[in-house]
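Here it is: the structure, laid out below.
By written order: A, B, C and D. Residues from 1 in each chain.
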Amino acid sequence: MKIETTADYMESLKKIDPVIYYRGERIKDVTSHPATAPHVRSAAMTYSLANTDAYRDLATATSHLTGNVISRFTHVHQSVEDLIKKIKLLRVLGQKTGTCYQRCVGFDAINAVYTVAYEIDQKLGTNYFERFKKWLVDIQNQNLMVVGAMTDPKGDRSKGPAQQSDPDQYVRVVKRTRDGVVIRGAKLHMTGAVNSHEILVMPTTALDGQSKDYAIVCALPVDADGVTMIFGRQAGDDRRDKLERIDVGKPRFGAVGGEAVIVFDDVFVPQEKVFVNGETDFTGSLVYRFAAHHRANYGACKTGLMDVLTGAVSYLTQVQGTARASHVKEKITEMIHLSETLYSSSIATSAEGWATPSGGYMVDTMLANVCKQNVTRFHFEVARLALDLAGGFIATLPSEYDLRSEDVGHLVKKYFSGVEGIPTEERIRIGRLIEAMTGGTALVESMHGAGSPQAQRVMIFREGELEKKIKLAKVLAGIPTNKE
Amino acid sequence: MKIETTADYMESLKKIDPVIYYRGERIKDVTSHPATAPHVRSAAMTYSLANTDAYRDLATATSHLTGNVISRFTHVHQSVEDLIKKIKLLRVLGQKTGTCYQRCVGFDAINAVYTVAYEIDQKLGTNYFERFKKWLVDIQNQNLMVVGAMTDPKGDRSKGPAQQSDPDQYVRVVKRTRDGVVIRGAKLHMTGAVNSHEILVMPTTALDGQSKDYAIVCALPVDADGVTMIFGRQAGDDRRDKLERIDVGKPRFGAVGGEAVIVFDDVFVPQEKVFVNGETDFTGSLVYRFAAHHRANYGACKTGLMDVLTGAVSYLTQVQGTARASHVKEKITEMIHLSETLYSSSIATSAEGWATPSGGYMVDTMLANVCKQNVTRFHFEVARLALDLAGGFIATLPSEYDLRSEDVGHLVKKYFSGVEGIPTEERIRIGRLIEAMTGGTALVESMHGAGSPQAQRVMIFREGELEKKIKLAKVLAGIPTNKE
Amino acid sequence: MKIETTADYMESLKKIDPVIYYRGERIKDVTSHPATAPHVRSAAMTYSLANTDAYRDLATATSHLTGNVISRFTHVHQSVEDLIKKIKLLRVLGQKTGTCYQRCVGFDAINAVYTVAYEIDQKLGTNYFERFKKWLVDIQNQNLMVVGAMTDPKGDRSKGPAQQSDPDQYVRVVKRTRDGVVIRGAKLHMTGAVNSHEILVMPTTALDGQSKDYAIVCALPVDADGVTMIFGRQAGDDRRDKLERIDVGKPRFGAVGGEAVIVFDDVFVPQEKVFVNGETDFTGSLVYRFAAHHRANYGACKTGLMDVLTGAVSYLTQVQGTARASHVKEKITEMIHLSETLYSSSIATSAEGWATPSGGYMVDTMLANVCKQNVTRFHFEVARLALDLAGGFIATLPSEYDLRSEDVGHLVKKYFSGVEGIPTEERIRIGRLIEAMTGGTALVESMHGAGSPQAQRVMIFREGELEKKIKLAKVLAGIPTNKE
Amino acid sequence: MKIETTADYMESLKKIDPVIYYRGERIKDVTSHPATAPHVRSAAMTYSLANTDAYRDLATATSHLTGNVISRFTHVHQSVEDLIKKIKLLRVLGQKTGTCYQRCVGFDAINAVYTVAYEIDQKLGTNYFERFKKWLVDIQNQNLMVVGAMTDPKGDRSKGPAQQSDPDQYVRVVKRTRDGVVIRGAKLHMTGAVNSHEILVMPTTALDGQSKDYAIVCALPVDADGVTMIFGRQAGDDRRDKLERIDVGKPRFGAVGGEAVIVFDDVFVPQEKVFVNGETDFTGSLVYRFAAHHRANYGACKTGLMDVLTGAVSYLTQVQGTARASHVKEKITEMIHLSETLYSSSIATSAEGWATPSGGYMVDTMLANVCKQNVTRFHFEVARLALDLAGGFIATLPSEYDLRSEDVGHLVKKYFSGVEGIPTEERIRIGRLIEAMTGGTALVESMHGAGSPQAQRVMIFREGELEKKIKLAKVLAGIPTNKE
């Protein structure tokens, strides 16, 4: 049965029973538990947008495998146009949820594995590509949500997978049978894991020949035997969990993606869902393609968030009577400027996309890294400017309980009012929205999601074509270049 | 009785009974209520340091009024040396609490009112200076904690105090009697208010002749009739209130200063504690002196916090095995560089201090504004660098409940471990400390405490001596300057 | 006769006789005068690239007016593909000349006037579009170089054109006859003017109904009666003029575009070359379209320059033995990162291009402004990083005369040597190239070419759709939006 | 005879005959040669200021060796007050010359050698300190200008002095006799060398035991046998050399310090002027002390330059009619803010000064490095902002010859005019001043003078006391610290 609507999606999640812990206890129903429900609602937006006339063209695609109309989040990009539509879709979703809607991870994983599986088969005569397409058609037809599972714990980071004192610090195959493989280890920071249907496991780094057991790509359901998830804490999670409406800032949709640890405690995966198994030579390519797709996305979804933040601050300055001050306009201009700079990179990395041998399209990898690198700077700066304009009350505002209190509610209303005619509560709501979107977890995700800043710099240097640039300089300086 | 020790301070707070609301309910004992106790402990550090050999010289001073040894926080600066010792004291306190210890506000208020009261008397023949000294000797002898109360709600910021539709948006005198004045209004963001003994009220802006009722400086006890305080929310306050030990990050001392709204609902202040009453001409000077002292301090206390953050991140990179990577050293170098740049400004603004006619010393006002302006940039950048180096687990770490859980505790320990030999719990503790010190409230305070960024820029431009600089340029360019 | 080759271009310039002053004297032949020849050679590269197999596809286009293969620099963009090819062409030209090759100005002017002339005709029933196409076919067929002449002197910038005490501070029509118009005024900073064939005059700002005489768009040859050009000074121009080979840094191609003042001293322009004449309503649109095209270009050509600079510095660190230091790699990474961020914007602004009613394509205006704004920051930062890595000898290196001196040449060679085996002269040449590309004029052009920074900010704010963004925020904060 | 006045100084320079090359030819008289005269005039300001009532207190000091009133530039700092007065003196000199006045290098060298020579003697029983004091009394009494000669060519920077293929890439002793030493090598970037009287040679880096011959500190006259100087090129030097008055921008005083290479071609130095001779253990300390003093100075002299630049731009915006625009004020505010931030560091590094065992005072080394590091960033940013506000005419302005031309002078005057009543020539003069102070050499000096940026970062990291900071963090996070 295909998931079409938000309701379908909720129902589908109720039908499965993954092992999820949070604050030391099991979460039985992610659709209703206050800690996970907001994240479920964010992800649900990816389903509901496909049913909206205004966004159907962005939110759906035609499967090149079946010809069916499918969610774009299950599609393999077939053109530059696909890549650009994705970027526009992500910005809209960021604008509508003000947060992470989680399905990009699986989306990018699908696109990376698809193109690499093809290349492995071409080189080694394996059968991974057909297996993967079969699995993917299923995902497309049912419209399942997939969590792309890449980031390993890594233990002592000065050592590689095979050098760790605990060999499980990277997910690995502990047993191979005729029917499949048994895997052990964990994946951290798993966005959307607790409300996904399927996990697509990938290695976290390029591996050498000594690390064959770590070169595993495979898919499994979130409620497979031996899978345990532990849902992480976030800034302000208590307000969310206590169902506070105003103080949580953005009550309908959560902050970031609702990340979890996924532990694989000797989990069996059948052969037909194994897509790489020991081919270490291709791990670098796989990791890099996933990373490039994912990094390209950040300039789109985060721009959507910054649009919200810019709007929130603009409104707040109207409420506070400062909207016409020249320094206010100057700072809002800067917020827009930085947001659009990020968006540029996402558009450009798509516009410069190229076809892999499988037919699946890749983004420009240099520009994707540049895009994400700027996210790690500009999202912080945009947040800083928002806090500058919002004012100190973001840090000192009394609680919603005080606002509702018979004893002091009238004082809160009186002394947090702004220009005449706008209810104090609107000022408070916008203040809390800004608080929620500028502090802690929200920004950390922009820093480390899709790879930490240094990961991008390594790639930018590597792809910088310095020899070619040296030659340009030598020619202009009149230095012989025949040495090259 | 003089408050000498932490215990004395605690006892003194138990003896008074201010009206404090938090989450809609009264707080009866700030020393034990989980929301306020950590802030009380931070403030207590200002008392206990005076009893430590290593810091006594910084933490105490000799009163020029009585010759007694007093807390430096009740002292009127008598020299450049005093100003520099204050800076060193504040950095140490920042290092030891990792947060705001609140007593600077009253300290700076005392120094501002002292010098201005003198000047009013000199010009107008009033008697404010004697009144103030009398009150101050009392504060010094009892070693009371004073909250400097300046920031008004301001309502519609495009209008001045007298133009507001609600005249109470700035604290004002609503009645004058032979014995004293009755004041109404509120002060926002009042650092340390709930655990202070005395309030020193000041206007928030330079006032013109039409705003005489707003030109009020006076002192009153925190439990005076008609005073109500509402304690504000902070990022992560629930973790603090639930007495979580690890997840709160810095359980002993709170975040920022524990700010409150102070409402004055027709509060009577006797004449002998009124220090300015309608002399609008001096309000600009008063506000600016307070602001300059306070802005100068931020380069000291925040440097203390950044020292902690730099240490936390350094240790975390050791735990994670990344401490020797060149980009890690580079970023830690930048954190130190920015911290010390701030500290420079604080030292310089003291070194360039000058005697007012009263004998009380002022800091250099240009450099004080420059100092605070940089705090609004560099604290964010230092936090950003800390989050870069700390890694994504800051945003996704499971809770302490999971760490302690029988079901999943072993998984948390296994998969959040770092280099061999260091307990996972240390990594988690440091991670939570970094989380607490880099998100939300902690940074907002650096932005807006002691005046929002634009307030500093206005002063920097005003004090920039452009005419003098234009003359320098003209001379070098060979342009006649006799016009000036 | 169509100009096909560099030689054709040189010959064509010798045939005309514009009035050009430089250092108080007439320049008779721009192709051989040392001050102008390097700029002529840069512009010539736009011709010669069209004859190269590797770049023909970028450097030429098929005229939609005639079906002929033409220089892309005379083409009206007919598609997004055209816009993207232009960007790639500009980067290549920047890489090959290390400077401005000048033809973009006319190129962008052609595209702006084409689309606006069409719209004027549609609205007012005028005949400008046909006139313009006729003129343009001529330009295309002869492959002429056109200087787009926009920037007026502006006199007192606090006043508009009609308020100036000298009405000639903006180019204006001083007389209208049946056959044409007579114009007076000047255009500043005219890139490539002295080696162009034709001038395309446009207003510099949106005009209101009181400024009809300033609303003039027309074309005229550079040697028309009454046209006088004064060629500007540049940093290091003496080295260029004295034909120094090493010390000029980039002897073959000049720095920036070789800008000139063009004075129109009552110049007659016949009716068939007048394309706007008093239609003030369309001037805003015209200026903005030209500006958007031109701003979009800066992310391409300057990236080409930064590629050269990155290569130069990379080579220099090899020569000096520092190439493997981690901070060197870090800074080169940053240079690449900033360059590619700029390039992203140029690509994106093209990828988001759209068809005007005339069929001519416009770039995305928001992204074009964002692009140029970043140029005004990043080019300086890239230059700063280059100077950081290059070392202090950029500022203190003895002259080429010393290098060649019998007395001290051996000392220069000995004491400016680097790693063994690389001639000292190579180090010096690269050092001089970096000097030439990072100081003075070279950077000023990035700041102010295509409009000063504030011009972009005004547009970014204006196009920021704040009302839409406010609505997004209100929805997420639970604030009613029906007011909008 | 003591040099008292500018005239004395000029005369003293005419009396000596150092070997100086420039552009392949000997300079016979530095006081009149157009290339060197402006730099001589800058240095002369250090003499003339001592004769001015307003500045005598800053510009002179009382020798602790003789009790005589001496130039502060020959003084050994005896107190924090001395260190602070020096900073104020340097800012004034920067304001009055708009450039480098060169005498700091010798000043700082004197202070470094004085304190280290004392410590060597204390430890090793040598007699360097007495020798040095004898030499210094002579310098003080005659008021000689000393060039501190530190920076060696370094050849292949991946290798140390003793590993170079050419052993002369660092100055070294090639022969030791009973009477003295013979040295060979060169020093680069020697500020003020050509118009100094005496050279004080120091090693450029900390040396190990294998590099004894490189551990040489000694003094010699600039015209000693075997000394050759080659004067370097600068941006815009031709305009200076051709005695252009307007276009050189700052005709009276040059740009930067007038740097030269000093070559020592087997120069004999008598024993009594040798102050370190093989004591490699003390070279690190010597280099670091010199560097710290010198880095501390940059926040003072460059602030003086930025004061000029801020004034120049402010005036230019008045001329152009833009002075009241909000973005103009904003940018000028930022220029002041950055300048004063630098100044803060210089003041602070002095205020935190400390007495060495010799009694000579050192600045705070951490803050000195922080200060210089910020110079390498902020001077560029201040220049960038100046160019932003100045406008594009900085890059395209016709020459002074055109301004004076009968043919086109009236056009230049007409079309470069600003607000009514201010002569165009004033706009041009200010424009040229800004051009001279923001491009090329002027900025490179801020980058590399007193050590390249990375040199400061190494020291900032080294002095960052990370272990202490880690302990602070552990205490707050509740982690046991007994391990340390």
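One rule holds for everything that comes next: a residue touches a chain if its C-beta (ideal position, glycine included) is under 8 Å from a C-beta of that chain, and two chains touch if they have at least 3 such contacts.
Keep in mind that what you see is a predicted model, and the values were worked out from it rather than measured.
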Chain separated most widely from chain B, comparing mean CA positions: C
Pair with more cross-chain C-beta pairs in contact, given C-D and B-D: C-D
Gap in Å, rounded to a whole number, between the CA centres of chain C and chain B: 51
Whole-Å separation of chain centres (CA-atom averages), chain C against chain D: 38
Whole-Å gap separating chain B and chain D, where each centre is the average of the chain's CA atoms: 40
Contacts with 2+ other chains: residues of chain A: 327, 330, 457
Partner chain C, residues of chain B touching it in the complex: 326-327, 330
Touching residues on chain C, where the partner in the complex is chain A: 84, 95-98, 245-246, 249-253, 307-312, 314-315, 318, 329-330, 332-333, 336-337, 340-341, 343-352, 366-367, 370-371, 373-374, 426, 429-430, 432-433, 457, 460-461, 464, 466, 468-479
Touching residues (chain side chain B, partner chain A) in the complex: 21-25, 151, 153, 155-159, 165-166, 168-169, 186, 188-189, 228, 230-236, 238-239, 242, 247, 256, 259-261, 263, 320-322, 324-325, 327, 376-377, 380, 384, 387-388, 391-399, 401-402, 404-405, 407-408, 411-412, 414-420, 435, 438-441, 443-445, 447-449, 452-454, 457
